[in-house]
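As written, the chains take the letters A, B, C and D, and residue 1 is the first residue of each chain.
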Amino acid sequence: MKKLKKRLFDIVQVAGDNDVASRVFDICIICLIFLNVVLVIAETFSLPKALRECIGYIELASVAIFTIEYVLRFWTSDLLYPEKRRIVSRLKYFFSFIAIIDLLAILPFYIPYIIDIDLRVLRILRTVRLFRIFKITRYTTALNVIGDVFKRKKNQLISSIFVVFLLMIIASVLMYNIEHDAQPDAFSNALSALWWSVATLTTVGYGDIYPITAMGKVLSAIIALLGIGLVAVPTGIISSGFMETIHRDHAKEDGEEEISYCPHCGKKLK
Amino acid sequence: MKKLKKRLFDIVQVAGDNDVASRVFDICIICLIFLNVVLVIAETFSLPKALRECIGYIELASVAIFTIEYVLRFWTSDLLYPEKRRIVSRLKYFFSFIAIIDLLAILPFYIPYIIDIDLRVLRILRTVRLFRIFKITRYTTALNVIGDVFKRKKNQLISSIFVVFLLMIIASVLMYNIEHDAQPDAFSNALSALWWSVATLTTVGYGDIYPITAMGKVLSAIIALLGIGLVAVPTGIISSGFMETIHRDHAKEDGEEEISYCPHCGKKLK
Amino acid sequence: MKKLKKRLFDIVQVAGDNDVASRVFDICIICLIFLNVVLVIAETFSLPKALRECIGYIELASVAIFTIEYVLRFWTSDLLYPEKRRIVSRLKYFFSFIAIIDLLAILPFYIPYIIDIDLRVLRILRTVRLFRIFKITRYTTALNVIGDVFKRKKNQLISSIFVVFLLMIIASVLMYNIEHDAQPDAFSNALSALWWSVATLTTVGYGDIYPITAMGKVLSAIIALLGIGLVAVPTGIISSGFMETIHRDHAKEDGEEEISYCPHCGKKLK
Amino acid sequence: MKKLKKRLFDIVQVAGDNDVASRVFDICIICLIFLNVVLVIAETFSLPKALRECIGYIELASVAIFTIEYVLRFWTSDLLYPEKRRIVSRLKYFFSFIAIIDLLAILPFYIPYIIDIDLRVLRILRTVRLFRIFKITRYTTALNVIGDVFKRKKNQLISSIFVVFLLMIIASVLMYNIEHDAQPDAFSNALSALWWSVATLTTVGYGDIYPITAMGKVLSAIIALLGIGLVAVPTGIISSGFMETIHRDHAKEDGEEEISYCPHCGKKLK
C-alpha cells in the first residue's frame, strides 16, 4: 500500500526525466486542460443540440478525471513534506495556490447538487471553470523569471498603480465638471468620466467617449501626455527588474571574477 | 501647556511604532480622506434629496475636522524646526507643499462666507476639494522612489517634452494646411489640428478627427511613427533612472563587500 | 569550367570590396526586388489594360532573372562548404532559410503550369510573391543585432506571449458572459470577445467593439491596465537584451583594460 | 572696424555669463521666435481684417530682424574658425545645419519678389516659415543628451524602422487580398491597407478602417501583437542608449575607482 502510494505520488507530480508513466499522465492532463479551454470557447457559439450534448459528456468526463486527480494529489500530499506531521502536510497542501486552483476547477460542477442554487449564480459559477487554464502553470517553469521580476518590484509597481489611480480620479472629476453641460449623456456622472480617463491614460481610445469643449480637450491632452509618462514608469521598473536578473546571473557565471587577490599582500582572496 | 503641545504635535505627525493615539489619528484622517473622495464622485450622480443633504453634513463635518487638523498642525509647527525662531519655523511650514495642500482642502468652503462670489467660480472652487486626495501623500513613502527618479531625470524629461511639443506644433500647422480644404469642419484651425496631433502622438486615437486626403495620411503615418520613437524617449529616460537607483542600492547593500579585509594581512581591501 | 564556376560563385555571393561585377549583380538584384514590391502594391490599383500588361511582362522578366539566380546559386552551392561532399553541401544549401525564400519567390509562377489549379488557390499563391521582399535580408547585416537580441531572449518572450494569451482567453470568455445579453450582435461569441480583448490589450482600440454595461467597463478597465503591465514585459525583456549586448561589446572594446600589465612587476592584471 | 566686428560677433553668438548686450539680443530673438510661432497658429483662425493686417506688419518686422541677424551672422562667421581662410570659414558656416535653418526662416518671404510664382506653391512656401521654430535649438543645450543617444544608436534604430517597414508592406498587401472583397471601399487598394497597417502597428487605431472578416481579424490580431514587440525594440534601443550615457558619466565621476593596486606587487596602478 505504501509503495503504491509512493508510485501514485510520483505519477501525479511533474515527471522526472525517466518516469514514462508520470510523463504520460502529465501530457494527458495538459491535453485535457487545453480541450476544456476550447470547449469553453465553443460553448459560446450557437451549436446544434447533438454537439452540445457531446460537449456535456466531455465536460462530465473532464470533471471526473480532474476529481480523481485532485483526490490522488490530496491523498499523496503528505509525501510532499515528509518531515511534517501528516495532517499539517495535508492542510499546507490544501491551502496552497495550485491546490485551490485545482479545487476551483471542479467545485462549480458539484455545488448545484449540494445546495439549491439560482440559475443566474450558476452561470457565473460555470465561468469559474475557466480557472482550469491556470492548472497549466504547474507544468511550465518559463513564467518563473517574469513572476520573479514582478515579485521583486511589487512595491514600486503598486506605488505606480496608486499614482495612476490618483490621477484617474482627479482627471475624471475635473472632466465631469468640464464636459457635463456640453455632453450630459456621455459624461452623465464621474464614473462615465472615469471610463474616459481609463481609455485615455491607457491610450486605448475606443472613441465612444471624448471631450468636445476646448477646456475638455486641453485637459484630455494633458492627461494623455501625463499618461505616457506614467505608463513609462512600470516599463522602467520592469526593465530594471530584468536588468537586475541579468546582473545576478552574470555574477554567477563569471565565477572567475570572484577569485581576486589582495592588493596589499598579493595572496588569493576567497 | 508645553507638554500638551508636544503631545498634540506627536499625534498629528505620522505615527511612530508605539504611539497608539497618533496611529488612531492617522487612520481616522486617512479614512476621512477616502470618504471624501467617494463623496466627490457620488455627488456627480443624481441623488435623492435626503442623501444629498446627508452628504452635505458629512462635508461639513469633514471640513470641521480638517480645519482643526490644520490649526493643530500650524500651532505645533514650531516644534518641527526647534533650532529656528518660532515665526520662521511657522512661515517655513506654512509655505511647505503639504501645508498648502492642507489649506486648499479647506479654503474653498470658507471663501463664499468671506467674499461675495459668482456661482460659476464657486463650482470651480468646489473642485479644489479634490486636492484632499493629495493629503494622503503624507502617509505613504512608497512614492519616494518614483518621485526620486523623476526629480533626478527632470532635465532630460523636460527636454523630451519640449521636443514633443515642437513636433506637435509643426505637425498641426502642416496638417491644417493639408486637410483644411478637404475637411473644413474637422480641421477648422491649427488648434483643431493640435488636438489631432495630441491624439496621434500619444496613440490614443479616439477617431473623432483623422486625415482623409492622401497627403494627410502620409503625414499622419510619419507623425505616428515618430510618435513611437519620441514616446520611447521618456521610457528610456525613466528606465535608466530606475537602473541607476538599483546600482546605488546595490552599492549600499553590498557594503560588506566594499569594506572587506584581507584574511592574510588584515588590511582593508579597496 | 571550374574557374568559371568559381567566378560565378563569387558574383552571386554578396560582394567583397573590390569585386565590381559582383557588386553590380547585387545592386541589380536589390533594385529588382524593390521594383517587384512596388509592382505588387501597384497591382492592387485599378490600372488601364496596357499598364497591366506591361506589369505582366516585368513580372515575367523578374521570374526569369530570379530563376537564373536561383539555378546559379544552387549550382555553385557546393563551393559554400568545400570540406563537405557535393551532395551534402547542396542539400544543406537547399534547406537553408534564404534558399527557401528564393524558391518561394519563383515557385508560385511555375505551379499553374505543372498542376491543374483552382483560381482561388492561385490568388493566394500569388501573394507568396511578396516573400521576394525577404530576399533583401541577404544584403543587410543591420538586422543582426536585433535578431540576436530576440534569439537570446526567445524563452522569456515566448513566456510573456503565453501569459498575454492566457489573459486574453480569460478576458474574452468573461466579457462574452457579461456583455452578450446587452450587445448580442457585437459580442455574439467568445471569438468576437477575443477580437475585443486583442484590441484592448494592444491598446489599438479601433472602437468597433467595446463594453457598454457597467460590469463590462470595469472588466475592460482592469484588462486595459493589466495590458499596460504586460506590454511593459516584452519592452523590459528587449531593453535588457540590448543592454546585455552593450555590456558584451564594452568588454570587447575595452579589451586593453582587461588585459593590462602592472607597470611595476610586469605581471598581467586580471 | 575689426573691433566692431568682433563685438557684433560676440553679440550674435549665444551669450557668455557677463555679456549683457549679447544676452539681451538672445532673449529678443527667442521672444521673436515664439511670437512667430503664435502668429503662425493665429493665422489659421478666421480673424478680423485689422488684426490680419497687424499680423502682416509683425511678419514684415520679423523677417527684417531675422534678415539682419542672418547677414550679421554670415558677415562675422569668419571669426568662428579663425584658423581657416575667410572664404572656407564662410562656406563652412553657410552649409551648417543652423545656418540653413536661419536661411529657410527668411527665404520664403523673398522668393515671390525674385521669381514669378504660383499661388499654390506660395502657400506651401509660407509653411516653411514654421522652420523658424528650429532656430530655438541654438539656445538650448538640453536636447544634446537626447540627440546624442539617437546619434549613437542610429544604425540600430534605422534597422528597426526597416523591419517595421517590411512588416507594414507585407501586412498591407495580405490585408488587401483578404478584405478587398468584403470592404471594397475601405480597402480599395494596397495603400489604403497600408494606412490601416500604420494605424494598427502604432496602436493609434482611429477606427476609420478595420477588418471585418474572420481571416482579417486574425491577421490584424497578429499584426497588433507583433506591433507591440516591434515597438518595444526602439524603446529597448533608446533605453540602453541612455543607460550607456549614465555608465560613461559614472566612470567619469567615480574617478577614485580608477586608482587601484597591483594584486601581485601591491603598488599603485595608474
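Keep in mind that, in the parts below, a contact is a pair of C-beta atoms (placed from the backbone, for glycine too) under 8 Å apart; a residue touches a chain by one contact, two chains touch by 3 or more.
Bear in mind the structure is a predicted one, so any value in this text is a computation, not a measurement.
In this structure subunit A contacts its sequence twin subunit C using mostly different residue numbers, the overlap staying below half.
The most distant chain from subunit B is C, comparing centres defined as mean Cα coordinates.
Remark: subunit A and subunit D have CA centroids separated by 43 Å (rounded to whole angstrom). Centroids of subunit C and subunit D (each the mean of its C-alpha atoms) stand 30 Å apart.
Taken residue by residue, subunit B touches two or more other chains at 191, 194, 199, 203-207, 231, 235, 237, 239-240, 243, 270, whereas all remaining positions touch fewer.
Considering their complex, residues 203, 205-207, 235, 239, 260-266 of subunit A touch subunit D.
Contact residues on subunit C toward subunit D in their complex (touch as defined above): 37, 40-41, 44-46, 123-124, 127, 130, 133-134, 136, 140, 142-143, 145-146, 149, 157, 161, 164, 191, 194-195, 198-199, 202-208, 231, 234-235, 237-243, 245-246, 262-265, 267, 269-270.
Against subunit B, in their complex, subunit A makes its touches with residues 155-156, 158-160, 162-163, 166, 169-170, 172-174, 176-177, 180, 189-191, 193-194, 199-200, 203-207, 210, 214, 217, 220-221, 224-225, 227-229, 231-233, 235-237, 239-240, 243-244, 262-265, 267, 269.
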